[in-house]
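Chain naming follows the written order as A, B, C, D and E, and within any one chain the residues start at number 1.
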Amino acid sequence: MKKDVLLKIENVNSGYGSTTVINNFSFSLNKSQILCITGRNGMGKTTLIKTIIGLIALRSGSIIFKNEDISKLNSSSRSIKGIGYVPQGREIFSSLTVEQNILMPVFTRKAFKYGVKNKLRDIYNLFPVLEEKKNNNGSSLSGGQQQQLAIARALIFNPEIIILDEPSEGIQPSIVSFIGETLKKLSNSFDTAFLVVEQNIAFISQLKSDCILVNKGSNVKTLTASQLSSVEKARELLSLESH
Amino acid sequence: MATILETQSLTKKFGGFTAVDEVSFNVQQGEIRFLIGPNGAGKSTFFKLIIGNHEPNSGTILFKNLNIEKLKMYERIKLGMGVKFQTPSVFSELTVLENLNLANNLNQLINIENVLKDFSLVNEINILAGDLSHGKKQWLDIALATLSKPELVFLDEPTAGLSFEETEKTSEIVKKLNKQGITFVIVGHDMDFVKQTASKVSVLHLGKIFFEGSVSEVLSNNGVNDIYLGIS
Amino acid sequence: MKKIITLIITSFLSIILFSNVLFAETIKLGILEDETGNFAIAVIPKIHAYELAVKEINAKGGVLGKKLEIVRYDTQSDNTRFQEFARRLIEKDKVDVVFGAFSSASREAIRPIIDKAKMLYFYNNQYEGGVCDKNVFVTGAVPEQQFSTLVPWLMEKYGKNVYTIAADYNFGQISAEWVRQIVKENGGTMVGEEFIPLDVSQFSQTIQKIQAAKPDVLMTLMVGAKQASFYEQQAAAGLGIPMGTSVNVGQAYEHRRFAPPALENMYVTVNYIEEVHSVITSGEYHEKSKDFMARFKAEYPDEPYVNMEAANAYNAINIYALAVEKAGTTEKAKVIEALESGISFDGPSGVVSIDPKSHHGSHTIFLVEVGKGHKVSIPKVFKDVQPYWLGEAGCNLPEKADYSQYTPSKPPKS
Amino acid sequence: MLNLIKKNKLPFISFLILSFFPIFIDSYYLSNISYFMCWTFISLGLALIWGIGGVLSFGQTVFFGLAGYSFAVISINFLGVVGVGIWSVFLALLITSLFGLIVGYFLFYGGIYDVFIGIVTLAITLVLETFLQQTAGPEYTIGTARLNGFNGMQGMPTIGFQELKYGRLEGFTQYYFILTLAILALILLYKFKNSKLGLIFLATKEDRNRVASLGYNVQKVQLIAFVISSLLAGISGILYTNWGGYITPSSMGLVSAALPVVWVAASGKKDFFSVFIGTIFLVWLSQMLAINGAQFAIIAMGLILVISTRFFPDGIILMFKNKLIEKVKWLQS
Amino acid sequence: MIMLFNIVYQFGDALSFLLLSAIGLAVIFGMMKIINLAHGEFITVGAYGTVVSAKAFNLPLPIAMAFGVIITIIFGLILEKLIIRHLYGRPLDSVVATWGISLIVSQSFLVIFGPSLEGLQTPLGNFKLGDYSYSEYRIFLIFFAFILLGLLYILFMKTSFGTLARATIEKPEIASSMGVNISNVYSVTFAIGAGLAGITGALYAPTMTVVPSIGQAFIVSAFITVVTAGASPFIGLIPAASFLSAVQTSVTFYYKATIGIIALLFSVILIIRFLPKGFSGLITKEK
């Protein structure tokens, strides 16, 4: 283990009602690292993410973020600690303008009021289309623009980690690859770590990151970036043929 | 082969914005036609115009040589169409079986077991559809659209959120149903799925048909690359 | 937590279920009054008056040697409750007589049940008049008693142009009809008439309509708490036209509850209000009212106001007791016969006699003026005012049983 | 039939008990329970469109009132004509369902949904209430029947065969008639729910558009259910009018309009049997509280409603029913 | 000229009544989707708070009004914590609970304060134009209604709190995962709604008969105004209330008040039919 571990998940169990979805799941994520999580549907990827950000209660195990056990905190407190979230399906606030969507997380953080203008400038430089439409309603954006907005909304408060759930879903290929490049750039230049749940192999191999394969709520194997360098090879390694 | 669906100068405006701009489009019987294009190109609007969710501002829609643009959605469906919308919209408070029974809109004798087998839903027959995994919801949704063996089926993003294995399986299902006589028009972004499945691809851009051709023609077209695929 | 709550609810219900107690043989008086809901304000003194009368009669040994016993239900100002409880009184409690109801609608709600069961019923409220029913006796005042005294007096004092605003339902419409007729008989002119739904509580438009018509006298036949808001609003707008009414002051004592000048310059005819003994400083009415008030306040010291319906309720119980005494039985037909023989009771505001033909009572009518600072004066007293109209119009209950309600435009003879 | 009983032991037993009730109770309780049962039909109708189809109508009382008034007007006009008490019921129900058809057509084919349906039906019932309140004058006479404004109508004949000894809907006859009608209504409602039409209607609650995309005329299905529910509300209105010999505009007021919604929601809107029992229970409860609770009756009623929604979101009667079936093995099918 | 002023005065008076009836409900029902049948009782709390404190402590009216509003806010906060917060996302269940609350509140007031309170005098005076006289307080109410609505628009559409509130109500889970303390946002938003209803109660208390059922005078007007205002109540309220009061006052002027009310209800039905998104939909032209 490296010294600068940012997020550490240990033996996590969680689920809905009487069914357990996540079984003794463990992994860790370092500063400015990009880590993918993949696997078939219904295997618990989204449940895992929601457990980490606090939308689903943890049954046992621990979630350590910046050397602090955050598993007892509610989701808003975890967010304040520095966890950003880009939900599946973007979940843009349709009644807010684009700029209000971006700034919304800042309004709950007193400490971030200063310097927010510069941060906003950075974000607009990163995603120029958002500046163009900053006074439009969130609902008026196309899918690809909404995905950029969802990332911008997570970036605004300088979180140490951003968790993305299926960022390529329903997005045209050119924007998917643009988003991939943006994530890499951010992890390099801003030291932001990314945890990406993804099923799009091309996108995974573009990110050049390690990847955890999930099956039935458990961590099956971890593949390194080099193993996933080509799409064909990745496909082979990530397939869960007949168990 | 006969033309099953044809639109002539189909136009839809929202306020000052023209979402679908004089699109003339036709599909032959037996095709698996893909409709791709950038986000906001008008694919979903176009698709909703054909099935009757939106009313066009002008233009005509011919299905089996019948003018259908004045018909309500359910009337068009009864003529022999099937639909799956973008987000999986199965009836979450009904069981899988009840969902399938509901989809049997002509009260035909249908071998439900075969359908369940085709869509890998055999073990979930009495489960509430809301409790299915995302992938199984997608399949159930396609099953609903195709159950009563319509001649033409529209699928909007049938593989969104599916793993590549599930995508392959979906492709097999579509091809199997196609062999049984169902013509497909599929909207989607998943180029893997397109490559595995399509017999012909139409690219929509800014409300117009930008390019039409086979998969390889589309992939090698520079214009399509610029506006959509982004492979440099 | 859920278990505890379930337990509480269950035990609560079982207490309710088994709390009915049996009583020894008495004369049972069923009372249906709105202890809660919209009409509670005017009805609570009425309930106390029933209780006072019963207590006094029982203290004197009861009637025919039997004690009077009240069986009372809270009808919650809800017509369906009246129906439910009228049946309960008749079929389960097997009462000898029913008293009660405030609004005309609630009286009409129970009349079919009363008539079907041939129950004896006393309605003790001022109302729009016209009930000609073999089983029903009315001790409240009716329009001919209140308007034939009030309207001519007002017209003489202030002028002949009259404007009426009235609640848009039976009471208001029929009362307005009476006003119209009396104004015409006395050579006046109706310069306007407006009917207002019971739900209306805002009156700016009404006030301006009145100002446009420039009346000398404004008749305000407004009913309920929402419509009573008119008075504050007309005062705030500075309307300043003398007003006359048959309902306010005497029922819900608005002159006490509203800050002046809301009701200044208001004239009402009532058959009783508690000020009778303090405003009239000597004589018969002073003495009787003072005595009644003293007994009432001894029993209910917190009563905010003893209104005319309290006096009517008090009279009703006493009239019934006299009739039973006279008939020598509580058998309904005999009691009705006794009542039709002309029973009189000397009550808080003088003698009330039952008119055999119409089953309504005669009254002393006090013309009340609400002056500056809501100071009450009584410029005129009308003695022994008869409920003449129904009898003249053709209602003759001892001769011909009837079960209807009539209006001036639809009298019994037509 | 046997199968039906086997599958529904609890309702069957309840109805068995209800049908033997008259042996044990006196005429007052008989008429009082009949009265409680009068209200169950409007609740069942609301449970049909709201519990199954997700359509919350806040103005079912308009059908209640319309049926009551139609029955009163028709039967008074033809007093003395043979069988008036019976065929005027059918005419009144015909008028009510025609009105239900018009309102339903306006709602569903006009594209009105969700809370807007509630407001539109509430507005319609308040219009009728406001109009009827001011019809005291002689000009508001239909044939020989005076509408009589706020004070309400009376003088209609008792439903039934006037000549026969037990031919009129009062006492025993009334009790058994209403009970039979309720059982019939419940069976038909369950039949509807389990039919294809019922399945379609149930599905419209979740996603109308998807149902239409499966080739069904959603509006037509909703309209059919709405007309059935207006008819049921009408049955309540006529039974109530007959019970008290009286109908008044206030049965269409805001308070009256809210009551069925409260009964249905507090009982458990998804289950017809719970709604049937719950309506009887809640009407009885509020009467008992009024008799014994004095000033605190209304407060207690309010508390019960608040607590039941807070702790038993699916309805208190449905919760009890499920608990009972869970505990008593024998009741399970 | 006087006639014109009369028309404006009558119309403005009806308009301000609709606006002030609806203003608290616009937040609680329009935004938060709680079908609050106890809205009238919130107004009652404001009215009683005002009158009781004015009489008991001999407070000047504006201070008593502020007191009434504060009491309503506290009342709203307690209610939110105990009951309402369990009803978010269950709008139809809120019907039963709020109905229960309304029964409890109005009956408790009857038990505690008796059937009626001694009234307050309407503040300010009156002035005359020709044959007509006008209450100055009524004119104040018209202006106040507009100012209050403007402030509310700014609060919910322009401030950071408003952004958080709208975001939380639209997608509570997502807002929470962005760091919003949604339980506080809900409480505060609900309390604002309650407080606004309290303001209505406080403002109308000196002009009406203060009885436990005083709130019932507002409830129907409140619901029809908010519903016809549409999805963005703060944008739609003024046009909705203007249209409805124009219909009501003109019909009442030419016919009578009963027909005015019937016309009002009919126009609500027609607005819902032909403007399914309400008046705010007409303005924002949403797709």
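One rule holds in what follows: contacts are C-beta pairs under 8 Å (C-beta built on N, C-alpha and C of every residue); 3 or more make two chains touch, one makes a residue touch a chain.
As the structure is a prediction and not an experimental result, all values here were calculated from the model.
Novice: Which contact partners do chain B and chain E have in common?
Specialist: Touching chain B as well as chain E, we find A, D.
Novice: By the contact definition above, name the pair with the higher C-beta contact count: B-D or A-B.
Specialist: Counting C-beta pairs in contact, A-B comes out ahead.
Novice: Name the chain whose C-alpha centroid is most distant from the C-alpha centroid of chain D.
Specialist: A
Novice: Rounded to a whole Å, what is the gap between the Cα centroids of chain C and chain D?
Specialist: Computed value for the inter-centroid distance: 35 Å.
Novice: Just curious, how far off is chain E from chain A if you go by their C-alpha centres, in Å?
Specialist: Distance between chain centres: 43 Å.
Novice: Go ahead and note the Å separation of the Cα centroids belonging to chain D and chain E.
Specialist: 32
Novice: Send over the residues of chain D in touch with two or more other chains.
Specialist: Those would be 130, 133-134, 295, 298, 304.
Novice: Give me the residue numbers in chain E that touch at least two other chains, ranges are fine.
Specialist: Answer for chain E, listing residues that touch two or more other chains: 107, 110, 216, 220, 258, 261, 287.
Novice: What residues in chain A touch two or more of the other chains?
Specialist: none
Novice: Which residues of chain B touch chain D in their complex?
Specialist: Touch list, chain B to chain D: 51, 53, 72-74, 77-78, 83, 85, 89, 91-94, 98, 101-103, 105-107, 144, 148.
Novice: Under the stated contact criterion, what part of chain E meets chain D in this complex?
Specialist: These residues of chain E touch chain D: 35, 37, 83, 86-87, 90-97, 99-104, 106-108, 110-111, 216, 219-220, 223-224, 227, 258, 261-262, 265-266, 268-269, 272-273, 276.
Novice: Of all residues in chain B, which touch chain A in the complex?
Specialist: Checking each residue of chain B against chain A gives 37-40, 86-87, 132-136, 157, 160-166, 189, 191-192, 227-231.
Novice: Report the residues of chain A in contact with chain E in the complex, numbered from low to high.
Specialist: Chain A residues touching chain E: 53-55, 74-76, 78-80, 85, 87, 91, 93-96, 100-101, 103-105, 107-109, 140, 153-154, 157.
Novice: Under the definition above, what is the set of chain C residues touching chain E in their complex?
Specialist: So the residues of chain C in touch with chain E come to 36-38, 40-41, 44, 168, 194-197, 199-202, 204-206, 208-209, 211-212, 214, 225-226, 228-229, 232-233, 235-240, 252, 254, 256-262, 304.
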